[in-house]
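In what follows, structures are represented as structure tokens.
Presented sequentially are two complexes of chain A, the first with chain B as partner and the second with chain C.
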Partner chain A sequence: MNSRIVYIASNTFREAIRDHVLYNLIAFALLMSGAAILVGQISLGIERLVVVNLGLAAVSLFGVVIAIFIGIGLVSKEIEKRTLYTVLSRPVERWQFIVGKFLGLAGTLVVNTAFMAVGVFAALLYVTRAFERTDVWILVALYLIILQFLMITAIALLFSSFSTPLLSAVFAFSLFVVGSFAEDLRGFAAMARGISRWLAIGVAYLVPNFSSLNVITSVAHQQPVTGQFILSDSLYALVYTAMTLCGAVLIFEHRNLK
Partner chain B sequence: MKPSARITLVVSILLVGLVATSVFALYRLDQIRSRVSLREADYLMSPKIVKRLSLGYDGLMADVYWTRAVQYFGARHIVGSRHYELLGPLLEIATMLDPHLTVAYLFGGNFLAPPPPHGAGMPQQAIQLTEYGIRNNPSDWKLYYNLGFIYYMELKDYSKAADAFARGAEVPGAHPFLKVMAAQMAQHAGELQMAQMMWTTAYQSTQDPDIRDNAAAHLLALKVEEDIINLEKLVSLYRERTGDWPSSFSELEATGLLRALPLDPLGQPYKLEPEGRVEVREPSRFRFLEMPSSSSDRSPDGKVSP
Partner chain C sequence: MSAIEILGLAKNYTVGFWRKRQKCALRPLHLSVEEGEIFGFLGPNGAGKTTTLKLLMGLVFPSEGSARILGMEINDPRMKAQIGFLPEQPYFYDYLTANELLEYYAQLSGVDARERGRKVSEVLARVGLEDVRRTQLRKFSKGMLQRVGIAQAILHDPKVLFFDEPMSGLDPIGRREVRDLMEELKRQGKTVFFSTHILSDAESLCDRVAIIHLGELRGVGAVADLTSSVEGKVEIIWHASSVPASLKALTSDCRFTADTVRAVVREANQDAAIDALRREGIRIVSITPLRTSLEEYFVRKLKPSQTAAGVRS
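Let's look at the complex of A and B:
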């Protein structure tokens, strides 16, 4: 890989760590241990389900929040601090800057998710006393969550490349919500008629489909996820991420930074 | 005192005061809310809306709603309430959010079906819930078992109970008792044995300590009932032979009708009352035991409660 991209990525990673991003792990650890201890006392027969559902939902939500709130500042903060001009005055292309920033934040999220995964499995072991073969599907769910992070990071970066941090956060979060309703959008499209039908279909295919990357409930029930599904999801997420990054690069390439 | 130290002191006192006030305000709010929560049902959202608002985390939301249902039932059950209006909607939301949440069908059915104070007294809702569970989880034999259990215990509908057990018996890996239960239901026979079989199945098919404890308590009560029926038969036989009621079990022992002094499952000797009635010494030790005035009033199957 291009060494300049690696350099920018590692700097972004270091910067995120310096911003105490990993502090969220403390909140996560407290949440998981609290849930593992408490749920047996307040509910009935769902100890394992809660640990998996809550653990994976927390991994996903914490990651989405980090991806959005750090992603929106990746470009604008560099412009604000004027450090972007120092970077671009060196032999660094604008696209390398965008890709490096993306990989740095994606790396941070992967490391964060890895720590959280350890927390989920520790809580699961505490509740169930022993792992089962089907627990391996939790790893698949975590992998799909990471794919979700890649898409959201790219989206946040896209908005960051032309908008203010506040508006970028609003846009990115809105797109996350709309993307979570992607299946409903398709349902509406099927029910609509005429031009609105085509419009709804267009929107349903254009917005990120996060619901297809969410297998939390089925893995909580120890249901398997097929290889074909994982492959199709990976292809979709990676293509969507690349597409969004291309958009961010295009906008940033033509942005007047003077 | 330095100005900064004074500010620190004043602000600290203010902070403590504000925390106390906020706690008090919340406490007052809780009191007001408990009074206005009589129409809680008005604030329940439709399952579809909850599903949409869950942003894909519907499994987690189902767990939350199931926990709410457990808390709601538990809070009312403990004070002997006879009104459980929200139980059905809470279970409906939980199972619609996660149709594979089998605990909600199994326990939820047992919360809904029995008459108050043991349950909500809504067997039809329990049946609807369990049927919905079967449609979504057709390979789970425990749901058919639960359905048959409700038909038999609450509605005494033997043909529907037999049908539910027979459907369950066809599921691979089903408990072998289901076949027997289906056959027994069809004959309407051996109700005490039937009840024993049901609670044994309930005991064997769960790892939950509360459910096992509940099933074990039912089995103990059924064992007592079985003992009492058998002992009263022997007492009647004694009377047929001698023309008098026995005054103690020793008289039965002396005539060879009993080999030893009969003990209840917890090791206490049974009591022989006038006119041949047999009773346990400490009925309170058997949670689900009925003590009718005569053996003819005795329930053959013990009690049903969650």
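Let's look at the complex of A and C:
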């Protein structure tokens, strides 16, 4: 990989760490500890279901919040503070900057998720006393959650490349909410008639399909996730992320840094 | 070969939300800076100095025209490896220490990994920040950040340096050190292009200057050539309590202090003024040529109302 991208990614990772992003792990740890202790007392027979559901939902929520709130400032903050000037006046191409920033935040989210995954498994072990073979599907759910993070990071970066942090946050969060109901939107499109049908189809396929990547409920119920599903969703997420990043690069390549 | 060639570089911005209109930030600019020169780019605030520098750094895109630095286009990465840039009032990643920041910039500039540590140490010593190299930049004063800015600009030993208001935020000692540094860079054969509205800095440092105002180039040349176009004056001092009538026609600038009169006359009227004083039997104390400053030239090139706010000497 291009070394300048690696340097920019490493610096972005370092920035996130020094901005105390990983402090969210403390809140997560408290949440999981509390949940594990409480669940053991009040939910007889469904401890596993509750801990997995709650744990994975928390991993997803914490990660999305980090992805959006750091992602929206990745470019706009650098322009606002003019730190970008001394970077782009060096032999660094604008696309390298965007890709480096993306990889830096993606790396932060992966590390953060890894720590949270340990927390989920620890809480699960506490309430069930032993792991089961089907618990391996939790790893698949975590993998798909990370794919969601990649998509939402790319989306936040896209908005950050041309908009203010506040508007970027609103746009990115709205898109996340709409994307979480993408399957319902597709269902509605199939039922609609006339121009609204085509409009609904267009929107349904344009917004990121986060609902497809959400297998938390099935995994909590110990239902397997097929290899074909994992493959197709991986392809979808990676293509969507790459195209969103291309959009961010295209906008940023033509932006005047006033 | 010219180090910097600016060929009709111009910049218009679109302003307004509903009623969009064009605002001209820089009219077509033609300028050439030779290798090894210290070149001053002068103008009041809002004249177009920073826009020009941003165009040269590829931070904004020109509406028309082009530029070449060291014979290469301004978007050429090979060229960017050979230039250093200090933005106006620089701000850096404040979660990094001075050492980490310079290491990062050295990486981006393509400095060899084996040389990075040595170069960073050298440049920190050069700007007087050795003792605070492990301190996070968030704890730095404005003057210290300016020094970090200078350090990052010279870190990779570039051939051409662009400084946007390099003396800004520095105390008198700091300003002196920057002047010394720029002279040292010139001795090393580097080309220095710097913008300023502090005329005394330009006058003491520059081989040539360009004056820009309202996005338009108003004059360019050696400081001596530019100032020679402004008519010289002399100050005559004599002991008396009044001005002879024959002298009143030659000067309008007379000041009285105790038993001394100070009058400023044009160089062309100097002999006539001396003759007038001798005829009256007045003893002349001194005749001093008044140095024509770049400031006078600058003020003449700009409208008075527009210089008041932006010019300091």
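Just so we're on the same page, the second predicted complex is superposed on the first by the 257 of 258 C-alpha atoms of A that agree within 3 Å, B and C clash if a C-alpha of one lies under 4 Å from a C-alpha of the other, contacts with A are read in each partner's own complex, and residues count from 1 in each chain.
We take it that a residue touches a chain if its C-beta (ideal position, glycine included) is under 8 Å from a C-beta of that chain, and two chains touch if they have at least 3 such contacts.
Because the structure is predicted, anything quoted here is derived from the model rather than measured.
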Touched partner set for A:90, first chain B, second chain C, both or neither: second
Touched partner set for A:181, first chain B, second chain C, both or neither: first
Partner chain(s) touched by A:256 [first = chain B, second = chain C, both, neither]: second
Touching partner for A:217 - first (chain B), second (chain C), both, neither: first
Which of chain B and chain C A:141 touches, first, second, both or neither: neither
Which of chain B and chain C A:150 touches, first, second, both or neither: neither
First (chain B), second (chain C), both or neither touched by A:15: second
Contacts of A:7 with chain B and chain C, given as first, second, both or neither: second
Residues of chain C defined as touching chain A within the complex: 13, 54, 57-61, 77-78, 80-81, 83, 85, 87, 89-93, 95-96, 104-105, 107-110, 149, 152, 162
List of chain A residues in touch with chain C within their complex: 3-4, 7-8, 11, 14-15, 18-19, 81-93, 254, 256-258
Chain B-touching residues of chain A, taken from the complex the two chains share: 39, 42-46, 49-50, 53-54, 57, 60-61, 177, 180-181, 184, 210-211, 214, 216-218, 220-221, 223
For the chain B and chain A complex, residues of the former touching the latter: 52, 55-60, 62-63, 66-67, 70-71, 98, 100-101, 103, 106-107, 208, 210
